[in-house]
Structures are given as structure tokens and as C-alpha cells.
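Down below are the structures I want you to see.
There are two complexes below, and they share subunit A, which is joined by subunit B in the first and by subunit C in the second.
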Partner chain A sequence: MKKASALLLAALLAMSALSGCASSGSSDVITIGVFEPLTGDNAAGGELEVAGIELANELYPEVLGKKVVLVKVDNKSDKAEAATAAARLVEQNKVQAIIGSWGSSLSMAAGNIVMDAKIPAVGASCTNPLVTLNNDYYFRVCFIDPFQGTVMANYATSKLGAKTAAIIQEVSNDYSVGLASFFEDSFTKTTGDASSIVEKGNYQTGDKDFTAILTNIKQKNPDVIFAPGNFTESALIIKQARQLGITTPFLGGDTWETPDFLSVGGAEVEGAVFSTFFDKAMVTTSEATKFLAEFEKKNPGVEPAAVTALGYDAYILILDAIKRANSTDGPAIRDALASTSGFQAVTGSTTLDANGDAVKDAVIKSVTGGKFTYLDYVKAQ
Partner chain B sequence: MSKKTAFSIAAIGAILLLALVLNSVLDSYSKRVLNLCAIYAIIALSLNLVNGFTGMFSLGQAGFMAIGAYAVAIFTVPVELRAQGFYLEPMHPAIANIELPLIVALLLGGVLAGAFAFVIGFPVLRLRGDYLAIATLGFSEIIRIIFTNTQSITNGALGIKNVPSLSNMFFIYLAAIIVFVLMRLLLSSSFGRAFKAIREDEIVAEAMGINLFKHKIASFVISAFFAGIGGGLYGALLGTVDPKNFMFTLTYNFVLIIVLGGLGSMSGTVIASFIITIGMEWLRFFDDTLILFGTEIPIFRPGLRMVVFSILLMVIVLFFQKGLMGQKELSVDMVKGLVSRVKGLGKKRGDGK
Partner chain C sequence: MAKVLKSNLAAAIMAIMLAIILIYIYSAAAIKMETAVFVQHMVNGLSLGSLFALVAIGYTMVYTILSMINFAHGDIFMMSIYFAFFAVSSFHMPWVLALFCVIATTPVIGALIERFAYRPLRDAPKNSVLISAIGASFLLENAATYLFGGRPKALPDIPVLTRVITIQSVNFQVVSIVIPIITFVLLAVLLNFINRTKTGIAMRAVAQDYEIARVMGVNINWIISLTFIIGSALAAVGGFMWGVRYPGITPTMGVMPGLKCFVAAVVGGIGDIKGAVVGGFILGLGEIMIVALFPGISGYRDAFAFVLLIVILLVKPTGILGSKAREKV
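And then the complex of A and B:
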């Protein structure tokens, strides 16, 4: 037993030494840190983003004549772990840039670290405005909650002719709260009527029964219901609303675009409308065509998720910034990133504003025939 | 002054000196890991006070941490940066202009957590065993849900950022040592010995004239106070807090630490905090791609370290059924005993040849 344990220990140590050699970067390699939840609650989202980043790395393995190496670290969907993982990328792996993370609060935990180390970070799908606020070194390729809320409010008033709306928000989810708040602002501004939001209901992640909220809404009889939030809960809300006899159209956000939304909601989610980043039917750049073809080659018959496309975009944006900066120096890459304008990404032409947030077009989709189908296209303001 | 006390003081001095030196030598990654060890030790110690020393099964630590962390986050963010963060609903005017130094905010967090524990202690501590665990778990979730819904105070689900970040090892280790010493003094006093008596047998303890409820609530409140301090340091170390941080699963980290270290051992708790925090980081090489003789070994991918970590924990639990230290404390005598045992082993082997 003792011999066996000693042997095991020796093997472990040897392995740690070996892996040390593998990851120590030399100067002719550019390392990009990938900082994602690969275990824990958010692992599914993290994996989707990593798939996009890896695909981009295969297609564009070099910049400035140097090989680009990805260093993936798992942040375990835990905030303290996320901060340590980011510090590890910066200090141990000496990365030139960081991509990530799925989940805004995990990205926020890395905020101070990248700022202190002057290593630029690009988030793929973290939509909370606080991520990039007051942080010169954090950028993102997705649009933020205010834009998405506004897009849906405009859609409701102009396309559906809605005069009144009800909001159901997932109060424990920063994304849902943000979207709902900006929808409300924009909707009341367009209708010019402060009381046009007739009802506002709150629920917690994991709730199963929404009849109380829905009964209240039914009495107020709004023209449209805006219910951004987690896909399972949202699908249940729509299902229960239809069972209560509410025929009002439902609007939501990009989180709905998952197969689970359709399987949980079934026939009842038919006609639900939401905004998202990307659709096959709305290919605006040559990069998107390339991405779709390559993704199809690797995963035949699988639809790429929007976050996969965003992960891909985060990678090619960093490469582009390194090329433009003609340097691998943190502050130089940062400056190049900050001046990004009209970058031809998979998810459309991307410009970064003063906060480091992407300004880009949104796609509106709906559920028809048990599938997500392209409906409309909204230009960035 | 006895030899023991002198040794303890020397050890404290040495740790603080080491923290001071390491603070200026180490890179920010190693510092962060070591700081996290000390903060986890504070929180695990507070949990051990209730679970290990008083024999009550409480799972409310995440909630008390949340109170401490939010006290620090709300009151230490510079006033001029607050409006930007609270963009959905402005911060409540009563607190919007109060900015406190970190130490005051930490103590405030501790006191608030203690006060909350005092209030819920009256109904909750009438329960025993599993029921107490469920009730404390419930209250910890209640705290989180309150923080999620008080948009104008805690910024709700969006969380608070721009908390001045704390990376000073000396400060964090000083806090950890103060907590450790206070708890040590408490547990060696007659008041603290009564906790252990309650743990061993409530009826006997009561027959010996110990006021059960008074001691239980004291233990619960003191534990919440330390957890509040630990939570405050945790928030300051991360520089941002949001309610999702403080899900009940966070408590399990500390349950793991105290079970591994030994229920009822303070030094065991500290050792386990270091082993678990550093171990998780050290095992990261399992997550890297490994290339042996030119071929990539497929199982070396992110997530493997969690598997290895679990196996190691199971091995430890199998060999040390009462945790690493049981109810014993690390002492000079113990180290001496260990050294002589190892020497003895060597001798035996030598004889065998």
C-alpha cells in the first residue's frame, strides 16, 4: 500500500513537471487565455463558447507570424475561483489577452485583475453593463441589455401596435432585470403614457408555478407581455398563460434560443418572439459564411448557438486588434480594441463604443412550426 | 508566562512577519490564493464553532457571509462611483453618501450578521439535528432573496462592483489570527467549555447547570459575527458582490473544510482550508492538455481536476474517518510525537536490514 501510494505521488509530481514544460510560453508564441465555466452550473454555456473559440483558433492559428496558443482555465462557475483563474492566466500563463466569461458576475470578478495587469479581456456573451463600466481593459462582442430591451419595445410598439404591456421578470437574474427595465423605459417613452406598463410580475429562478402573476395580467389584458429570463421558466410561463386562456403575444430575449425552450414549451410557445445576435438567414458578412460552413463541417446537422458565434468573434476580434496594434503588448492591444470600428464579425458589423460595448445589429426571431425562424432585422442605433 | 504561551506568541509573530514579507515578494496570483486560504479559514472556523464545538448542525454560513460582504460592498464603494452602478434604481438617499473605512465596514458587517443570528436564533435554536440544518439553510436563502429584491440598497441581481479591492496579505492574515486567537480564548474559558459539554450530551450539560439556550445562542451569534467578517473580507478580495455568490452551495465548501479538518479542531480547520484551496489550484495541471510522446492524452481536459480532487477527498476520508485532526489540536508535543514516530519507523526498517 505504501509503495503504491508513493508511486502514485511520484507519478503526480512527474506529471506536474511535464505539464509545466508544455504550458510555459516562449516569445514566439502568442497565448490567449480562455476563461470559462467548464464545470459547475454554467458549464453548458461555457462549453458552447469554447467550441466557437476553438473553431476560430483552428481557422486562424497565427498572427504576426506567431502561433496562437489557447490556454483554457475552468472557473467552476464560482466567483472566487473565477478571480483566481483570471489571476493565474495573467501571472502564470502570461497571456496576451483573455476571452470570457459566460456569466456576467464571473466576468466582473476578473475585472480588477485584468485592469491591474493591463491585459485586455473580451467577453463573448456577458451582457450586464457593469462588466465594462469603469474598466478600460474589458470589452465585449455582444450588445448589452439596454439595447436589447429597447429593440423589443420598439418591435412591440411599431410592429405589433401595442399600447399597453405587462412585464414578467426573473428578479434574481441580472440579465432579465436589465432587459425588463430598459423595455419599460423605452415602451413608456414611445407610447407617451407612464401607465402603459399595466403589470409587473417578479419570479425567482427555479419557480414552477406562475398562475398568480398570470391571473393578475389576465385581468389587465395588455397588448403584449415581455418576459425575458431563463428558458425553462419562460417556457413554463407561456405554457401556463395559454392554459389560462391568455392569447397575448409573448416577447423575450436571446436566452430563449435553446432547444429546451421548444421542448418544455411545446405547441404553446408557438408565436413567441425574441431578439438575438445571429441567424443563418441573415448572413451579413463573409466571415459568417465561413463560420457556418466550417461549423457544419465539424458538427454536421447541428445549428450553431449564438454564443458559439460570439466566442468565435471574440477570438477573431483579438487577433485583428493584435494585427492592428502590430504588437503583443497589453496596452497596445487595448488601444487597438478600443478603436474597433465596423469590424466584420460573424454576428455582423461590430463597433465598440466608449465603454467597450459592442454596437451591432440585432436579429428578431420567432417560433413557428416548432422551430426558430428569422423574422426581422434591427439596425444598431 | 508559560512556555506554551511564549511559543504561541512567537508563532503568531512569525506568521505575521512571513505574511508581511510574502506580501511584497509574491505575484498577485499566489497572493490571491493565500489570501483566499486565510479568508476561508476564518469562515470555516466560524462554522466549526457551531457545528464542531457546540454540536449543532447549522448550514447558514452563506447567508451570514452575504450580510458581511454586502456591508463592505455598500459602504466602501467610493460615493462618486455609486450612481453609475445603480443605474436601474438610484441608491437609497439614506445610505448613498455614507462611505466607511474598510475596518469599520467589516465590523459593521460582523455586527449585523450577529444581530440577525440573534433574531433568528430564538425560533431556530429550538430545533435540533437535521431540522436545525434545514431551518438555518432556509434563513440563509431568505437573506439572499432579500438582497436580490432590495434594488435601491443592494442593486439587486446586478450586484455591486468597484469595491476597493483588498490584496494586502498582512491585513488579511492579521484578521485571521485575531479571529483564531479570540476563538481559542473563548473555547478555553469556562463559557466555551460549556459549548463542548453541550456537544457531548445536552441532558448531562443541563444537569450540570449549563443554561442550554443561552450558550447555544451565544455560539450561534459569535459564529455569525465571524462569518460576517469573513464574508466582508471575501467581498473585498473579489472587488464585486452579487446575490448569486451566496447560494447555499457556498456553505458546502466550508462544511467540506471542517469535516476534512476534523469537527472540533481549530488547527485542523485551518490546515484543511489551506489544503483545499491550494489543492484545487495545484491540481489545475490536470486541466491542461497533456502531450506525452507526441500524442495528446484525451482525458486531460478542463474538469479532470474536479474528478481527481473528489478521489483524493474520498481517500482522505477513508483513512482519516474523524478528519485530519479529529478533535485534537496541533501542538508542539504532537509534532514531537510525530517526529519520534517517524524516527522509530526508520529505525525498525534499519533493524530489518
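And then the complex of A and C:
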């Protein structure tokens, strides 16, 4: 009896080992890793991006005559988990390319892994310059934060006539800290006054109480408050600010554009202004028309978020690069990606610069009537 | 002085008052803080502190009875906020009814965890129970992620509680005042229950020595279950109020408040219910005041709780109100 069960166990183990081999090494499919936060503090952003990637995969399921399979891994909104997740894609799933991640810190955690494995990665909406800097294998289809910071600083000074600003940044998030400092540089340059940033508050991802920072800021009475950061925390900041009687306009970055920002913030986030990548008001390519129509078909009545469009773009850009390289070899795809020029993506014509960053126009949106509405459009520099 | 402080709640409260007055003088003199701003910070701190206090009582009660740290307590707290969310937004209950529903359902989880994760290990080494507690905590977090999704949910506004009142340019939500009141009422009820009722006496007997208590005819399984039920019910009240005040609910949101409330319980003197409340207030006020007085280090405010924990463990390991550690077998 004991012997029989031991044999059975051995057989099962052998089978599981064999099945493991069979599923990975096959070469008649192309696997693309989707590296996004599906749980944790950034889950909403990851979900929006995945929606775009999956839509693109449905519309373009093949390249070089092979089926494209998406392998999703959850980086859990955590830098340490992100490194593990990226390593799993590279080593276990043997992906040919990677898309992601929402959140610059998470993308940066994967940087060395994709570089060492020579697997090209295309970020959809990670905007911190450090993601692609000195990394030949990381690209992105969005603009970067020096531009975004300038856009918002210019909006504050020219449209709102702001002379002073306060900054609230999420210190554990590279995106937020980076964007805040680019805003600060640009704002102080425009106002010509180094002390025009009257107060700077720091918080950690996951914090819920911001009353102390806000009470400090209220005392300084700035003209605008710039608070780039994760959507839940940002919504709570604005909510608590309004409850404390602060009526100052709030400005932020692209991460605010998630439904959760509206649901958590409620009536208090009304009037919040932020920069983002895409709106249906700025359709410039036929791909964008197609994307909007297909998205509407799948999600009637829902407006696609900019990061959904970017997820879609990252996917079709990788497919285009594989086609141009006529190979699934990592370095070959990388070279094709690096030479991307005038690619007709949803979010506009995409040309990647020497760092692998896209140069694109920015959209300014605000919250009106419980919805994100198009406000303005800023040309790329 | 030290001797008075050791045993006297009044002395501890006096010391806190004195600290507040000193902070006020410092804030007015050194950083020119206006009185209204100072009062605003105090209101913010009191409402945060009383939330910590409600949850900290649960830690301390379980510790008193079983001398174990119930690491799942923060996640029970998290679950209660989800229950509040579903009661208000899916079942459209009026808030009072929703609060009662949350108080009725959350203790079930507490009792189940005790029944299946802790009771089988009652005679096992303390480390096993601790590991089981951490396991229960992960189980709840992952169950919540699986059942409710990883994206944040927002408790809808409850106008009666979230309305903002302005007095002399100090703004606060109704709930900020309701929380401390509820905390003190519940504290009084709980102390009365423990000190005056027969079940309360049984509870104290079990805390002293559950073997002897069993021999004396106390139904210790029921008493221990009851401890978890009361602790979870208090966490549920805290959770409901937390959800009203900070409406972003995620499966991992219980971890940080849970750890901080554990610190509050230790700082106040673990094993002492009044101590947990004192610890909660010290933590809440301290966190807010750190940011108010030293805006430059606002990003390190979470560190306050843990630095305080280290200091207390070094200086007075039994906590502010704690009596000499009672070694249990």
C-alpha cells in the first residue's frame, strides 16, 4: 500500500515536471508579459491599463503568423514584488517582450531584470525619466515628467495667475517625488521667486489622514496646491482639505484619471485639474478612431481612460516592432523599437527619442459634474 | 512622582495635559502658530486618537486573557469597514442600522478566528499561536482581495456624520466629535461590565489563571469567545467611524492602523483597558503634532509610533499604566 502510493506520488511529480516543460518552450506562439499592479494601492490604474492591452490583443491577435499570448503577472503595487514578478516573466514564462507597469517605481524595479535578460519592455504610462534612462531595453509610449511638471506649472501661473504654491508629495513614490520637483523647478522659474513654494508636505502610500499637513498649508494660504500621487490618497487629501475649509484649487498628474479618484473623492474633488495623455477630443490618427469605436462596443457608455489608450499603444507598438524586426529575438525587437518613428498610435504619432521616450502632447482635464472633462491641450516642446 | 505615575490614571492624564500645554507654548512662541490652528490640530489628533483607542482595546483584551497578540485584529477592523460599505451602499441602510449590522457581523469573524485558529493551539507553545495569528491575518487580507477586489471602495457620505461644522475658523466633521464621545461611553460601559458583572468577574478570573478558573466552574471557552466578540465589536465601531472619516477601503488597509493600535496598547500598558485608550490618544495626538510642529519631517510620521514603541520598551516595558508584569504559566 505504502509502496503504491509512493509510486503514484513519483509519477505525479514526474508528470507535473513534464507538463511544466511542455507549456513553456513551445515556439509557435509569441508570449508578451503584462506586468501591472492588479492588487494593492495602484490596482485601479493597473486594471485600466490591462483593459487597453487586452483590447489590442483581441483586435491584433497575431504577428509573423504566430498567435500572441498575454501572460499577466501582478506586481501587487509593491517594489519588491515587482522585481519578483518581472523575474518570473523573464525566467519562467520566457516572454518575448513586456508591457508595463502603471507606476514608475514599479517599472524601475524591473529595469535591471529586463536589461540583463535582454527582453525589451514598453511602459505605457510610467512617466518618471529614470525608467528609461541608461536602460537600453526600457521604452515607453508616453511623455515624461519634466514636460508634465512644466505643463502644470504653466497652467498654474498663466491660467490661474498663481504666485504661490504648496506641494504635497507621496515620498515613497518616485513618480510623485519626481513630478513634484519638476513642477517646483518650473514654477519657481516662472515666478522668479525661490520662495514661491510656501509649503511642502510629505506622506506615505496608504496614509489616510492628511489633516495635519493640510492644516499647516491652510495657514500659508497658497494660490494653488500641487499634489501628484496615487489616486486614493490624492482624493482623500482633497476631500479633507475641503472639510478643513481650504478652497484653494488642486492640481495633479496623470495618475488621478481613475474612476476611484471620483468615487473616493466624491463632491469634494470637483474642480480638480490634472494633466494626462489622451482624450477623445484630440483624435489625430485612424487608430484612435478604431480604438474609440471598439472600446465603446465593449464598454458602452464608458469613456476610455488615457492609460487604457496607452496600454493599447504599448501592445501595438511591440507588435509593429516584432513585424519590422521579423524576429522574436530580444535584441532584434529592441533595435526595431529604438528606431520607432512616426508610428500611428491611438495617442498620436509616436517617435521614440534616444532614451526611448515618446514625445507627445499633453491634455489638461478637470473634474466637472462628477466626470473627467477635457479642458485644454498643450503641444509637445 | 514615579510611584504615583505608575499606578495612577489621573497622573497620566495630567502628564498628557501638561505636554499639550507645553506644545502649545512652544508652537505659539517658536513657530508662531495661531491658536485656532493649534485647536484645529488638537481636534484632528483627538479624533484620530480615539479611533486608535477603540481598536487598541481589542488587542489589550485578548492579551490579558490569552497573553497573545491577535495580529488578525487589524484585519478584523478592515473587514468591518467592508461590512459598513456593503450595508450602506449595497443595502442602502440608514447609518444607525448599518452601524448595528456591522457591530453584529464583525464579531462573528473574531469568534470564528478564535475557534479555528487559536483554540486548537491553546496548549501549544505561544509561538505557534502567534504564527497562527499571522496566518489568520493573511487569510483575511487575501479573502478580502478575492471577494471584494483590490480596488479601493468608498463608503458613501453619511451627511449627518460628515457634515462640517465651523467654529471660529476651526473646521471639523461631526464625526470627529462623535468618535471621542463614543470611545469614552464604550470605555465606561466596558469597565463597568468587567468590574461589576458576574461575566466580567469570570473574565478577570480567566485572565489570572484559566486552569484555576476552569476548576472553579467558569466556562472558559465561552469567556474567551466573548473576549474576542467584545474586542471585535469595538473594532467594528472603530472601523465604521474610520470608514466615515477616511472613505478609501482596500484589503490591506487594516495593516497599518492595526500595527499602530498594537503600539498604542503596548504604550498604554498592555493588559490595561484604560491604558489602551491613553495609548491611543498619545499616538493620535503625537502623530498629528509631529507634522504640525516639524513640517519638514511629515513623511516620517508613521515612524513616530514605532519610535515611541522602542522608547517605551526601553524605559518602561510595562507601559504607562501597566502594573508589574504578571508572569503567566
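Heads up, the rule we're going with is that the second predicted complex is superposed on the first by the 268 of 381 C-alpha atoms of A that agree within 3 Å, B and C clash if a C-alpha of one lies under 4 Å from a C-alpha of the other, contacts with A are read in each partner's own complex, and residues count from 1 in each chain.
In this text, contacts are C-beta pairs under 8 Å (C-beta built on N, C-alpha and C of every residue); 3 or more make two chains touch, one makes a residue touch a chain.
Small disclaimer: the values here were computed from a predicted structure and weren't measured.
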Given the touch rule stated above, what does A:112 touch, subunit B (first), subunit C (second), both, or neither?
first
Touching A:171 in the superposition: subunit B (first), subunit C (second), both, neither?
both
Could you say whether A:128 touches subunit B, subunit C, both of them, or neither, answering first, second, both or neither?
first
Touch test for A:235: subunit B only (first), subunit C only (second), both, or neither?
second
Where does A:354 make contact in the superposed view: on subunit B (first), on subunit C (second), on both, or on neither?
neither
Of the partners subunit B and subunit C, which touch A:204 in the superposed model: first, second, both, neither?
both
For A:260 in the superposed arrangement: first (subunit B), second (subunit C), both or neither?
second
Which partner chains sit in contact with A:194 here, subunit B, subunit C, both or neither? Use first/second/both/neither.
neither
May I ask you to decide whether A:293 touches subunit B, subunit C, both, or neither, giving the answer as first, second, both or neither?
neither
Identify the residues of subunit A that lie in both the subunit B contact region and the subunit C contact region.
38-39, 43, 171-172, 202, 204
Residues of subunit A that touch subunit B when the two form their complex
15-16, 18-20, 22-23, 38-39, 43, 71-74, 76, 79-81, 83-84, 87-88, 90-92, 105, 108-109, 111-113, 116-117, 128-130, 133-134, 171-174, 176-178, 181, 202, 204
Subunit B - residues contacting subunit A, complex:
27-30, 32-33, 36, 81, 84-85, 87-88, 145, 148-149, 156-159, 161-162, 165, 234, 237-240, 242-245, 280-282, 284-285, 287-292, 302-303, 305-306
For the subunit A and subunit C complex, residues of the former touching the latter:
38-41, 43-44, 47, 171-172, 199-204, 206-209, 211-213, 215-216, 218-219, 232-233, 235-236, 239, 243-245, 260, 263-264, 266-267
Subunit C residues touching subunit A in their complex are 33-34, 37, 40-41, 44-45, 48, 145, 149-154, 156-157, 162, 164, 166, 169, 171-173, 242, 246-248, 250-253, 256-257, 287-292, 295, 297-302
